[in-house]
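Each structure below appears as structure tokens.
The two complexes that follow have chain A in common; it is paired with chain B in the first and with chain C in the second.
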Partner chain A sequence: MDSSKVLDSLTQIFRRVFDDATLLINTEMTAKDVEGWDSLNHINLIVSVEKEFGIQFTTKEIMLFRNVGDFARSITAKLAAKCP
Partner chain B sequence: MSLTSLKFLAFAIAVLALFRRTSAAKRWVVLLAASYLFCVAASPTAALLLAAVSLVNYFFGILIENTEPAHRTPSLGVAIALNVTMLFIFKYLFVGSIAIPIGLSIYVFQAISYLVDVSLETIPAERHLGHFFLYLSYFPKLLQGPLERAREFLPQLKSGLRYDEGQFCSGLPLIVLGAFKKIIIADALGDVANAVFNDIPSHRGLGVLVAMYAFTLQIYFDFAGYTDIARGLSRAFGLELSSNFDAPYLAANIQEFWRRWHVTLSSWLRDYLFIPLAASLRDFGKSGVVLAALLTFLICGVWHGAGWGYFVFGLLHGIFIAVSLLTLKKRDQWITSNGLNADVVLWWHRAVTFHLVAFAFIFFRCPTLGDSFQFISRIPGPLDLASIAHVLPPLRAASLGLGLCLFAVPNLIESWSQRTPALFYAMLTNMLIVFGAKSNVPFIYNKF
Partner chain C sequence: MLAQGRKLKANDASLPEAKIALLGDSSTQQLAPILKAALHQRGIFGDVYEADYNVIDQEIFDAASSLYAFSPTYVVLQISLQQLREQYYHEERKGAATAEKALAQTRQRWSVLGQRLSCRVIQFLYERPAERPFGHYTGRVSDSLAAAVDALNAGLTNAAKEFPNVFLVDIDHLASRVGKAQWRDEKLWFHAKMFCRPDCLPEVGVAIAAIVAAGEGRAKKCVVVDLDNTLWGGIVAEDGMDGIELGDHGAGEAFVLFQHFLLSLKERGLILAVCSKNERDVALDVIRRHPNMILREADFSAMAINWNNKSDNLRQIASSLNIGVDSLIFVDDSPFERHQVQAALPEVLVPEMPEDPAQFVPFFNSLNMFETLSFSAEDRGRAELYLQQAARDQEKAQFSDISDYLRSLQMKIAMRPFDSFTMPRVVQLLQRSNQFNLTTKRYNEKDCEGFLSDPAWQTLAVSLNDKYGDSGLISVIILHREAKTLKIDTWLMSCRVLQRGVEQFCMNAVVEIARDSGSQEISGTYIPTEKNAMVRDFFARFGFRKTDQSLLGTTQWTLPVADYKEQHVFIARAEGSEWTAQKS
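For the complex of A and B:
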């Protein structure tokens, strides 16, 4: 899956987690830019992303996610490793 | 040496004079020497411990960086265990028999965040021994923080410590405001709270309730006052410290409260405790997140000290947060679907949150659990303020009232201090001189 498709899928997950059907995301967005992106929703996002893409993040990776771009890159890399 | 004492004022002026005369490249030496002098003045043993902890963490930082990322866990684990052991020995094992070394809880937590960040490669290990020692010992933040992250503090040392008149002048109002918060407001509120908390059996009803509110406000103004002074003074040294408070008593729920209260501690707990815990427990769904929140706030409570009161304080906040995590979204949806007046709902939520926080602070303030339960049992009772009416002399009560009004009216300080800054700060300074001549009351958080 290429990075633009990952970002599209990620947008749908963000909309579900934050209950906002019009939410638009970009790679530079951080928790400060999305209303309700607190530590609980951070974990909800992780769980939803793992389920959606069938991947597993390490605790270290979860601690390092700072913005949407970090998420998208990590997902793309994991998917590439899964299906080279 | 309290930050509101004349001794500290003289010390700060002397350090600033020396700082200005020293070349920018060597100014860190002045601040490091001042920091250790400040620590030695409190206790030479505490200064030795600070140096030992700094040295150990300095070498562990480099060791972790030099180890392959996949093999860092053992050295990081040993380093964290050493830091936690230090905290455990001095804060819990010998509780009551020896004095807690000053700033221990603050610099140990800063050291742990530094080591984790080095391990995660979000910052490089600090190679400059003096800069690293200054990061942990910097005297304005040594006693009560803010808990600065290395990635915020160390780059400021690297870019050279400038003395700038504008920066210095921007810090002065913060120092005056901080001293005002502490001396005029917190200390007067403290007298009201102490009158009841130190003699619970003699009070009942409204007097007890007023003491609960007084302590809730006192601890905020006391801590926020310290932080303002530390931040204001640091600007004179060309350093910007983090803001620790963001109108916490205006929070509309307990999660928001912790995003506004003691921000550098709560964000530390979030990044280094809650997120790793919740991530490890995420397979258990909501129960995992609730358990992570409970554990995080229990540790937050116990971080303050060995008493059971701190444990219950943490437990209560853990329960509040857990309930909030589980119900907040549904409650918000219910309010929206029923079309309730948003302003009324907001102020109702603020009032409930404030009272939850105030209730938990009873356990924080009382020396024993027995005292806390006795305090709570005496809240129901007559609407009689006579038992505490005599605590503050009229002029001091008036200055407290004026002070509280200054902070309660939205934007009053901002607009007044911008329109007539000289008059505004002259008034505050005069109030400090007239009403601040009382004996020097230590800051509450100094003991943590």
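For the complex of A and C:
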């Protein structure tokens, strides 16, 4: 799955988690830029992404994500490692 | 569900409210909105107070805490395996000590809550741990964490018997149903102190909501089943009695298992009824004579086997059983019939049955429809009561004069203050009675114990029997003495015994109590609900005068004791029944 497809799926997940059907995301976006992106919804994002892509983040990873780009890169890398 | 719950800020639909305090040793922020959504699905608005993280004891033991300022009717104690595990690892003498300590602490919480609040406590049991250092040998090692959790869960279940206000949520059962591997993610514990994954929380919310709904009188009372392709496979009119699937192999076995499950619901106190489009004689023949039928005619308290539409039949069944249409569950394999019923009677619960009969039982179990707060002797015998009623109705048809019929029943009433024997049934009636209920006050166990210890209150538990059998405890009356007035605080009666003179007999007794205690007048209140229109004129029928009517329709009534006209009844006092003095 290439990174633009990852970003598309990620957009759908963000829209579900933040209950906003028109939400648009970009790689530079941080928690400050999205209304409701608090520590709780961060967990909901993590769990939804893990489920959607069939991957697992580590405790360290979820604490280090600074923006949407970090998120997307980590997903792409994990997916590549899963099916080389 | 989380998003739904977050939108439920105010009680816009003016649903009945429940005040719920959520106290957790783990994160509660996600469960709170999910619980609100789950309650909303049950037609209840949840006013939820969320305590801070891990301050259960501070909230409970400090009488000045926000918990008591909130004054909840339900307190949820959300405890976690993870916190217990931490205590366990820090313990010198591991295992038994951990369990004993946690049990003692929980009992202490229950008793203090019981002293300070009139509330129900919803206590989580502990999830069984994944840590098994001894493999499958773990359970035999008494100081293992697994053994400690087992001992603790058993201890809590046992202790709850002494605390009638405490109800348990079996978290491990929920975790098992979801699958342990899907339930818990340790990183979410380390990161956010979540005892399970957020996508599993609806299981927990729904379980709590089911207990609250049962407490608020939303329990379902009657399961109405279709016959063809529901109780057996195939269509009896086409396949014949020997052609239907019902027996010890294949799909036939699934239908037998489903019937066993329905029978266990009946034994637990639900009423079973049949609603089927069929030739009555053909269908009855199967019920009476098929060798593999588990449910027989006597198991069904009502049968509508005809070609009328099913919603009309359901109305008929509800009225013949004297229960509300909204207490019915309708079970039918046909989507057409289900939609017809759901469209005509939205208040009936109509589960979307799976196609495969093998899935019937697991499906029903997953619905959380059968939560109950109590199990009394009346529950066990309920179906029998409806059969006795059928016999009475038959006899009634033979009398042209109602008085002759009532006299022939040889009715006797026993009337006593509540005691430990009658309390479970009294509280159950307080929770469930909707129709013949003047004020619909949902008092709980704790409230009732309070009435017993205060001489200003007089409680009456009324039991009826006749020549057909014992109807059990069928009416509850709670009176309050105020200066020269005896106030009727609560008066409810099971609709099974309507038109038998029970309420007339009871009013005679209430007036006698008023006279004995020197009251000059009796006062009462009628608070209208969607369901209790049948008692709107209750006081007027006894000659009470209306003194006030509020905008919402609540009416106040009064009657000078001297003006009361003794009601003529055909009921005798049972021996040993005395109701003039309440021991306190």
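The rule is simple: the second predicted complex is superposed on the first by the 84 of 84 C-alpha atoms of A that agree within 3 Å, B and C clash if a C-alpha of one lies under 4 Å from a C-alpha of the other, contacts with A are read in each partner's own complex, and residues count from 1 in each chain.
Operating definition for what follows: a contact is a pair of C-beta atoms (placed from the backbone, for glycine too) under 8 Å apart; a residue touches a chain by one contact, two chains touch by 3 or more.
Owing to the predicted nature of the structure, the values given are computational and were not obtained by experimental measurement.
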Return first, second, both or neither, reflecting whether A:77 touches chain B, chain C, both chains, or no partner chain. neither
Please indicate which partner A:51 is in contact with in the superposed arrangement: first for chain B, second for chain C, both, or neither. second
Between chain B (first) and chain C (second), which, if any, makes contact with A:40: first, second, both or neither? both
Kindly classify A:64 by the partners it touches after superposition: chain B alone (first), chain C alone (second), both, or neither? first
Quick check on my understanding: which residues of chain A belong to both its chain B contact set and its chain C contact set? 19, 39-40, 43, 46-47, 57, 59, 62-63
Under the definition above, what is the set of chain B residues touching chain A in their complex? 116, 120, 122, 255, 259, 270-271, 274-276, 278-280, 282, 289, 325, 329
Within their complex, chain A touches chain B through residues 19, 38-40, 42-43, 46-47, 57, 59-60, 62-64
Using the touch rule from the top, collect the residues of chain C that touch chain A in their complex. 2-3, 6, 29-30, 185, 187-188, 190-192, 194, 197-199
Considering only the defined contacts, which chain A positions touch chain C in the complex? 19, 39-40, 43-44, 46-48, 51, 57-59, 62-63
